[in-house]
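Below: the structure, in structure tokens.
We just call them A, B, C and D in the order they show up, numbering each chain from 1.
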Amino acid sequence: MGVIEKVPAYIERIPGGGIVTTSMDWVLNESRASSMWYMLFGLACCAIEMMATGASRYDFDRFGMIFRASPRQSDLMFVAGTVTHKMAKRVKVLHEQMAEPRYVIAMGGCACNGGPFYYDCYSVLKGIDKVIPVDVYIPGCPPRPESLMQGCIKLQEKIKREKLSDWASDRPMPDRTIV
Amino acid sequence: MSAIDTLKAIFSGAWNLLVGLKTTGKYLPTRAVTLQYPDERWTMPERSRGVVVLLSDPETGELNCNACLVCMKQCPVSAITITQGKNEKGERYPITYTIDNTICCFCGICEEVCNFDAVKLTGKYEFAVFDKADLIYDKNKLQELGRDVKYERKRKPRPTPAPKPAAKPGDATEPKIETEIKPDSSAEEKA
Amino acid sequence: MFEFDKLLLNIYHTLQVWFTANNIPLIWLDLGVMLFAAIAILSALLLLTLFLVWWERKVSAHIQDRLGPMRTGPHGVLQTIIDTVKLMEKEDTIPASADRKVFFWAPVLAFAAAFMGYVVIPFGKGLIARDLNIGILYIIAITTFTVISLLMAGYASNNKYALLGGMRSAAQIVSYEVPLTLSVLGAVMLAGTLSMNGIVEAQGPYFWRWYWLPQILGFGIYFIAATAEANRTPFDLPEAEQELVAGFNIEYSGMKFAMFFLAEFVNMFTISAIATTLFLGGWQPPLPGLSFIPSWAWFMGKTLFLVFVLMWFRWTYPRLRVDQLMDFAWKFLLPLAFINILLTGLGVYIFK
Amino acid sequence: MTKEEIAIKLKDKFGSELEILETNQPEAYVYISPARYHELCQFLKEAPEFDFDYLFQLGGVHYPEDRFELVLCFSSHERRHNMILKVKLDKDNPQIVTTSDIWMAANWYEREAAELFGIKFVGHPDPRHLLLDDDWDSGYPLRKGWTGPDFISMPEK
């Protein structure tokens, strides 16, 4: 976490510090929400639709979303497609490599719940939320580009509701080893 | 390769670089094709395969579904769950009708096999949620979604007992369903 | 009235008088002026870089028939500022097995090296932080610092892709430094001075006398080699996404990555500014009658045009292979640069 | 060669060890006893009149009552004929000699069949997992009646 994350815990103790943190919340949440860099990886057919969303007709760049190949620099991970048990381990590692704050969107039925592979399937994980925390679920097989964008707008709403003080108190500085 | 050929290759290479610049430069001032989604939308085509809804009778406002379970049996991924019930008039109706949208693969088979204009795939697509449990749609939600959907009646009047033509392999399900319907008089009353 | 040179000189002389009247040593004044110049250049360039990043995204978008950032401010002008704020608050990851000191200093060095060249760039008539008499030599020496920072980043990350990216950038920058320096020599021979301001003044306010015409070969070589120096497409092998994920900055997140990112754009502006100074007449107007437009506007206009051409290159050309890249530098650009020097020498001998 | 010609020639050579399956498919269907399986494969690959140089499918079938079956489909690029070879394997201990020394392609197919059906290929040069995880330890998922972690069977309709 950046330096800014620690500040509100101290400011809130000062009388009148609430105003400062509220405006800081606003600035930081706006910047987080309008600059979600997503990770360049896809797992199955949903990835094709994700590429279509990034291309000219639907253009993710309008929301300030560009892809980064490195998980360190990305804020958002689209789990786009069928997650097999074998792949789930890799997805988990990628999620751990992402720097906080990080968000996950489960795109399509397979990532939400196993999708068409929910019954009678030995290889597919029944929902990526068994492995990593998911913020927004988008149904569809695969979802239209508009659905994906609506999911992103939904996530932006969620980000804009966040409070720095929650971050500081609820989520302590993760003392994790960076793999 | 002689010196002249080398020179020619160099110049044609440099020229081709300029041609490349011209091609991209041509697109720079032109109008972008981007659809600005939250402000602009496509009108979805009539037969697009979006979220499944349950259709209601436009006059009475009741569900067209009479719980014949065909869609549930035909669903290749078992996304549909129906429990059958009978009302006081002896008509079948669905007590519960659940579609799990995380499992549904939007193949459209339920719409195809339905003989009562009860299920339809619509052009609706905005259904992202924060909680996975919200993606399991029950009867009321599906009915609400289907309120504003316009549809064309495809249900034929009750077939006259004429000599049947030789059944094709593709039609195998249809006669079977009809025999199921026949004893049920309520469906005809609705129509 | 929009020229700053007289105004700044007047202020300087007034302060000089005031300092001598109050018996303060003039060294403090010189230090203060240097500090002012540094802050002015740094803040102006940072703002400019924010603009350039947004501009690059817009150019790329429109070349691809897209729109680019649209939802932050009118046509997304605030996008880069918002990106920077987000990067500032992002977690600063350091890999457990990284060389922590080198890992920390690499982006700082990249950022510093990118800005140090601006000491000798004449932004306008009299708008130059320090008119060194070896200005062009200084710039060539300073811009090569970049390679050290990239190597440091690649080595310290303890990641194979980062190391490959760092090594590639070292090989590439060192190779292209040679034709670049030789192509600059042509302009220096024509002007007869190494000072940046001197080179601009030698070109004069007539656009056909600028050095792009007699040095058309040198201009081409310089521009190609400088594109490779700044790791821009089609020479962006150090950060080739298909091969090296993100190249030397793969392990960097948050503000450290932002420093690399901004340094890249500052470098892009640097090479365009040097090209403007050496070959496009710097802050001179194309005709003497056009001097009512202030000199810094001419400089900025020319430089931004060259920056635009670099962006245009980026979204047009595919990436070169490593062996093609090296072949191109050593077998094509280097002999061509020597031929250019020879021709320039002959020209100077005949016409002067 | 037509499927009848293939069947007759093979029957001549292998006699009672070989069983021809009558189907209305365009390919010849042949059962071979496991004892002469490798010999037959070698013969099919090397005999110039057969010249089956392309193994395009090798898979297992589980019949939970009595047996496993191995199904091999070959084709010949030169002579443009296909055939399908089947081997019946033991119910409890399915085991067969490898054919990866005859066709390169058999290597991966056999690894796949080995991990999904539990058929043991004797003499296989690289018996690691191919598709499943390296630390997979919940049995052979394509056997009938298999259940494992995270497995949900289709509800009765």
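Just so we're on the same page, contacts are C-beta pairs under 8 Å (C-beta built on N, C-alpha and C of every residue); 3 or more make two chains touch, one makes a residue touch a chain.
Values in this document were obtained by computation on a predicted structure and should not be read as measured data.
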**OP:** Pick the chain whose C-alpha centre of mass, unweighted, sits closest to the average of all protein C-alpha coordinates shown.
**Re:** A
**OP:** Select the chain at the greatest separation from subunit D, using centres from the mean of Cα atoms.
**Re:** C
**OP:** Just give me the whole-number Å value for how far the CA centre of subunit A lies from that of subunit B.
**Re:** 29
Original post:
So, what's the distance in Å between the C-alpha centres of subunit C and subunit A?
Top reply: 35
Subject >> Between subunit D and subunit C, distance of the C-alpha-averaged centres to the nearest whole Å >> reply: 65
Subject >> Averaged-CA centre spacing for the pair subunit D and subunit A, given as whole angstrom >> reply: 46
Original post:
What parts of subunit C, by residue number, touch at least two of the other chains?
Top reply: 61, 64-67, 70
Original post:
What parts of subunit A, by residue number, touch at least two of the other chains?
Top reply: 56, 59, 62, 118-119
Original post:
By residue number and range, which residues of subunit B touch two or more other chains?
Top reply: 32-34, 36, 78
Original post:
What topology does the chain contact graph adopt: line, ring, star, complete, or other?
Top reply: other
Original post:
In the complex of these two chains, what residues of subunit D are touching subunit A?
Top reply: 131-133, 141-142, 146, 148, 150-155
**OP:** Note which residues of subunit A are touching subunit C in the complex, please.
**Re:** 1-2, 4-5, 27-28, 30-32, 34-35, 40, 55-56, 59, 61-64, 66, 68-70, 72-73, 75, 99-101, 174, 177-179
Original post:
Any idea which subunit A residues touch subunit B in the complex?
Top reply: 56-59, 62, 109, 112-116, 118-119, 127, 129, 134-141, 143-147, 149-151, 153-154, 158
Original post:
For the complex, which residues does subunit A have touching subunit D?
Top reply: 85-86, 89, 118-123, 125-126
Original post:
Which residues, counting only subunit B, touch subunit D once they are in their complex?
Top reply: 69, 72-73, 78
